[in-house]
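In the two complexes that follow, subunit A is the common piece, with subunit B as its partner first and subunit C second.
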Partner chain A sequence: MKRGLVVLLSATLALAACQREERDTRPQSALGSGEQPAPVTTLEPGGERPSVSDNKAAAFEANAFHLSEGKRLFNWFNCTGCHANGGGGMGPALMDQKWIYGSSIESIHATIRDGRPNGMPTFRDKVPDDQIWELAAFVRSLGGNAPSSAAPSRNDDMMVHPSENRLPDAATLGKSP
Partner chain B sequence: MRATERGSRFSLGLVMLASLALLAGAAAQPAADTAIRPPPAAAPPDDGQWTMPAKNYASTRYSDLAEISESNVKNLQVAFTFSTGVNKGQEAAPLVVGNTMYIVTPFPNIVYALDLSKPSAPMKWKYEPNPEPAAQGVACCDVVNRGAAFADGRIFFNTLDGHTIALDAGSGKPIWNTQIGNINIGETITMAPLVVKGKVLVGNSGGEMGVRGWVKALDAADGHVVWTAYSTGPDKDVLIGPDFKPHYDTDKGKDLGVTTWPPEAWKIGGGNMWGWISYDPDLNLFFHGTGNPGPWNPDLRPGDNKWTAGIFARDPDTGAAKWFYQWTPHDLHDYDGINEQVLLDMNWQGQPRKVLVRPERNGYVYVLDRTTGEVLSAQPFGPVNSSKGVDLKTGRLVVNPDKKTGTGKVVRDICPTAAGLKDWQPSAFSPRTGLLYIPHNNLCMDEEGVEVNYIAGTPYVGMNVRMIPGPGGNRGAFTAWDVATAKPVWNLKENFPVWSGAVVTAGDVVFYGTMEGWFKAVSARTGEMLWKFKTSSGIIGQPITYRGPDGRQYVAILSGVGGWAGAIVSGDLDPRDATAALGFANAMKDLKDVTTPGGTLYVFRLP
Partner chain C sequence: MFAAFGTTCVLLLQGCSGWQSALDPKGPAASELAWLIWFFTGLCALIWLLVMIALAAPLAMRSRTRSDPLVLDPGAEHRKARAVWAALGATTVILVGLTLLSFFANRTLAAIGSDAELTIRVTGHQWWWEVRYENAQPSRILTTANEIHIPSGEPVRIIVTSTDVIHSFWVPSLAGKLDLIPGHENVLDLMADKPGVYRGQCAEFCGQQHANMSTLIIAEPRPVFDAWLNDQLRSAAAPVSAEASAGAELFLNRACVMCHKIGGTVAGGTVAPDLTHIASRQTLAAGTLTMSRGNLAAWIADPQGIKPGAHMPVVDLNGDELNAIVAYLEGLK
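Our next item is the complex of A and B:
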């Protein structure tokens, strides 16, 4: 009886020791945020939906490092091939005030991760989640929706439009209402 | 001041313009028959129908109808209109077979049949193929379709998501539907098929997505693929065998489609066939171009990049290549080689020759011997500074080293642009005047090569481009080119690129459209403006003319701006980014101020 208890105890300890060694070195990075409540529309029958936020949004949205990484990745993952440097081409413009699937960083993140039915591919299995957040943050800066203190201030290539930290808010184009 | 500064960089261009201006003032030649005509087998006597976009196998886009003439065209009126219901670039040519007109729209590629025997041409049937919406995301330059083809009671057309479909022309019921393209590797189909000897010839698009180009022959009876000829890779894939006898030494050798590329690069090397095909029944050869090599950044693909940016002559029964000529070896500027080839028989330096005339993207009107692929002549038809001519001994384009692009290097004022001095917009040839009527662009560009990663199904370009108006400031032109003397005869300046096709008639009237929406008729002899009509949207379509069931002559055009040049409007792009639409939007900033998207058929006749 007593011996049995000892065996059980040592087995439990051994198992616990295994768990102790587990480390979450890249939390959620490759797999992405689990549940992401990013509605494609603002229309909800009957009521007003409280605005949703992913806990990663704030960490990426106004961060200079992430924005600059996003700018680099925007080229590396061939986003420029379709969206040019924000003016669009095969895909829609990203520097104007028109957002087919929502302008929040959560919506843009969902668009890149899951794709959209009229031509936007899904990059779920191509781009790690944190990098998708960086891309989403950079895309917002193209429409003048990132703090100018954080948005990229220069281009390594031919200047094709004012740097992101000088781009006006697409909704007002810098004019007062 | 800016214009003067830029002008000084264009010595070649200015000389060209000056000669154009001079010739424009020259006396008009009489409308007598010239000795230059299409081979009769490829251009049979006109029956008043329009059964393929290029009118006939020789691709003359010439009609024998003469009811509408230089003297009465000013009275043209709208006979009827029809909304296609699709507000994207309308590049297709309507077809007229018997009492029915057929039109195919841009994505979602709806086919309409209109009953011409009834007043106002009501709809007879429509067919919706429901292509995959995701295909829109891999179509390089708007979601266009360049038309259908009729043969043996069937309408053949392609869908953006890579299907070729045969419909019963009478009922609109599908007979077969074959998927030949894969959008997940970036493949789409935008070209108009050509039906030759019971085979439907189709090529793919995707030169900006690292798609390997091909042309396939589908059995017109049941749609199965009879043969596939690739534009890159080993000889057996390109259908190069013992019959292959190219004229120039640079095209001779084993597996050049592999050895003129870095290892494996040919697999994602482009050479897509999204343009025009002509067919010579006497020689039993069809002629098709091949698109640009991918990616645009040339540093990633040292070598001649065979068999891209060139032209093949092939046997339609087997696909076997007979000869090849490369317009632009190791292309530096996206000079796709897919333009139309007009088949003509003419005296060349005293000898009767079977020739093929090609106003090419790189800026030259080529005259090739279509039996051998030998270049007889290559003269620029507008400002060109990316090259210094064509060496007729070797057939090779003489590249201007000052305009060579590369990674991390900005090269300015390259003429013509990636869209070419002339893009897909097809020209027309009149045997009455001996003139080729060329709708084209007048643009220059700055380019910078950048690094690019190949990710299947995404763009593979590696070039920052911004386009600007060419010398003179007019972004487009319509040039009448004397095939016999290889010189322009007259030239009309247009504010925007002339992205529409042309048609010429025995009434000596030429029709074309502008991106503002004007549909114009000019004298085939002098270029004098005779009539114009403002349609609801910019025109980038292909005009046709036909004899209606009432025996009267009609002229038809689809209006609806878009395509690469008009993507700024049809795709609602933001021109504050100079690289939008691969740099084209930068030259088209004001297009949004003059036109809006549309999709309407206009048909005209005399009162």
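Our next item is the complex of A and C:
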């Protein structure tokens, strides 16, 4: 009886590990970024406007799947073209602690969606809203603002030398056979 | 009982013919492998049968009188020792023979593409195939997706690699499988004896949509193939109707343009399948759907319902916009 209980209990505990992280790839609302307000600046006549908070922020900010998707999209959409791999180039660095428009994920989301003065273009309509949230979450993680248990690792190609399996073949000197 | 078993076997074997079967070879590499499969299977079945007979026969012919086990008959002992040595010798000969056979089969496979005129670079992505026809002239390099046209009756060199995880390129009717490894190039030579359509499938588990990562190899006579290649090298067809023009405009101003390429327009994304001649292909989303107006619309409206986990996102479009984009894509022959 007692042994049966122990077995049952351990089985239950083991089954708890089967809980998978939720991956919501199909946004419920078909409406994306179209009708949302666009706070470009915090400067307001009569004082600072209250910071906008979005209920998507919490869902995307510390979710490993969304962070890694954001990392993939950061390369796919050529954010590296201006921001390099976060170190900055034509555009500002993203991995330091200087945030021109604040470090909140809502603010970064607004930056990508609506653009900012001096060069940041708008991606409203070009990038689905959920992907903008993923990108914003990843950009925050570049500066170490995401839990390390969720943040994606550094790219292989940014290491000092390529990993062993990516080194050019000595026989062909990296040329196609 | 035996009849039922036999019928089942015959029915099952019927599945072994068609456009995707290693037992229905349509090229020299696949024929070599099919011959090897049948020879290995036949020989091993024969050996198994002999062993079973050797085990069953003494049980069936058991004599009633038992001799004293401690009394040794030198003649019988000799016979037994000879039998064991003969079995050992046969095992060695068979193993070495099979090894040699498989070695020579490998040599034949390696010799197929030694004078291949056409080199195709196949890059695996989650979950589709990027196909690039190499040419010394840069303007004649063609990039397409998911459908590989080859000239029949001549060897083709296929260089495979991957950008994300390990995939495997396998067209059972034409050749064995070969892994697509990120950062590494593998070479596969294949040849289709006759014109035809052969189906290929990713053969290395590569994620959620591994099962929906297939490709079509379309072998056609050289002149037809050359015509196809020249046709594919053209820029995309300009939209003809007002609806299609609106669709082209939407394509360039909405999320599509971020990933896809349409030759002759500013859409130049390389991370998703090239759509320059999408309507000329037989399938959509790496063999998930057949090409039709309805399926195009369904795929754009709900890619995550059709192929959950695929990198194509749900894009915010209303009905008219969806119809316009489909009208445009449908014209990209």
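As a convention for this text, the second predicted complex is superposed on the first by the 104 of 177 C-alpha atoms of A that agree within 3 Å, B and C clash if a C-alpha of one lies under 4 Å from a C-alpha of the other, contacts with A are read in each partner's own complex, and residues count from 1 in each chain.
Heads up, the rule we're going with is that a contact is a pair of C-beta atoms (placed from the backbone, for glycine too) under 8 Å apart; a residue touches a chain by one contact, two chains touch by 3 or more.
Please read these numbers as outputs of a predicted model, since none were measured by experiment.
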Please work out whether A:V160 is in contact with subunit B alone, subunit C alone, both, or neither, and reply first, second, both or neither.
-> first
Who does A:W76 touch here: subunit B (first), subunit C (second), both, or neither?
-> both
Give one of first, second, both or neither to describe whether A:P117 is in contact with subunit B, with subunit C, with both, or with none.
-> first
Classify the contacts of A:G86 with the two partner chains as first (subunit B alone), second (subunit C alone), both, or neither.
-> first
When the two structures are overlaid on chain A, which partner does A:D129 contact: first (subunit B), second (subunit C), both, or neither?
-> second
So which bits of subunit A does subunit B touch that subunit C touches too?
-> 76-77, 126
For the subunit A and subunit C complex, residues of the former touching the latter | 23, 25-27, 30-34, 72, 76-77, 125-131, 162, 165-166, 169, 176-177
Where on subunit B is subunit A touching in the complex?
-> 133-141, 208, 408, 410, 446, 448, 450-453, 455, 457-461, 464, 466, 567, 571-582, 585
State the interface residues of subunit A toward subunit B in the complex, per the touch definition above.
-> 75-78, 80-82, 84-93, 95-96, 98, 115, 117-121, 126, 157-158, 160-161
Mind listing the subunit C positions that touch subunit A in their complex?
-> 159, 181-185, 187, 253-255, 257-259, 269, 271, 302, 304-305, 308-309, 311, 313-316
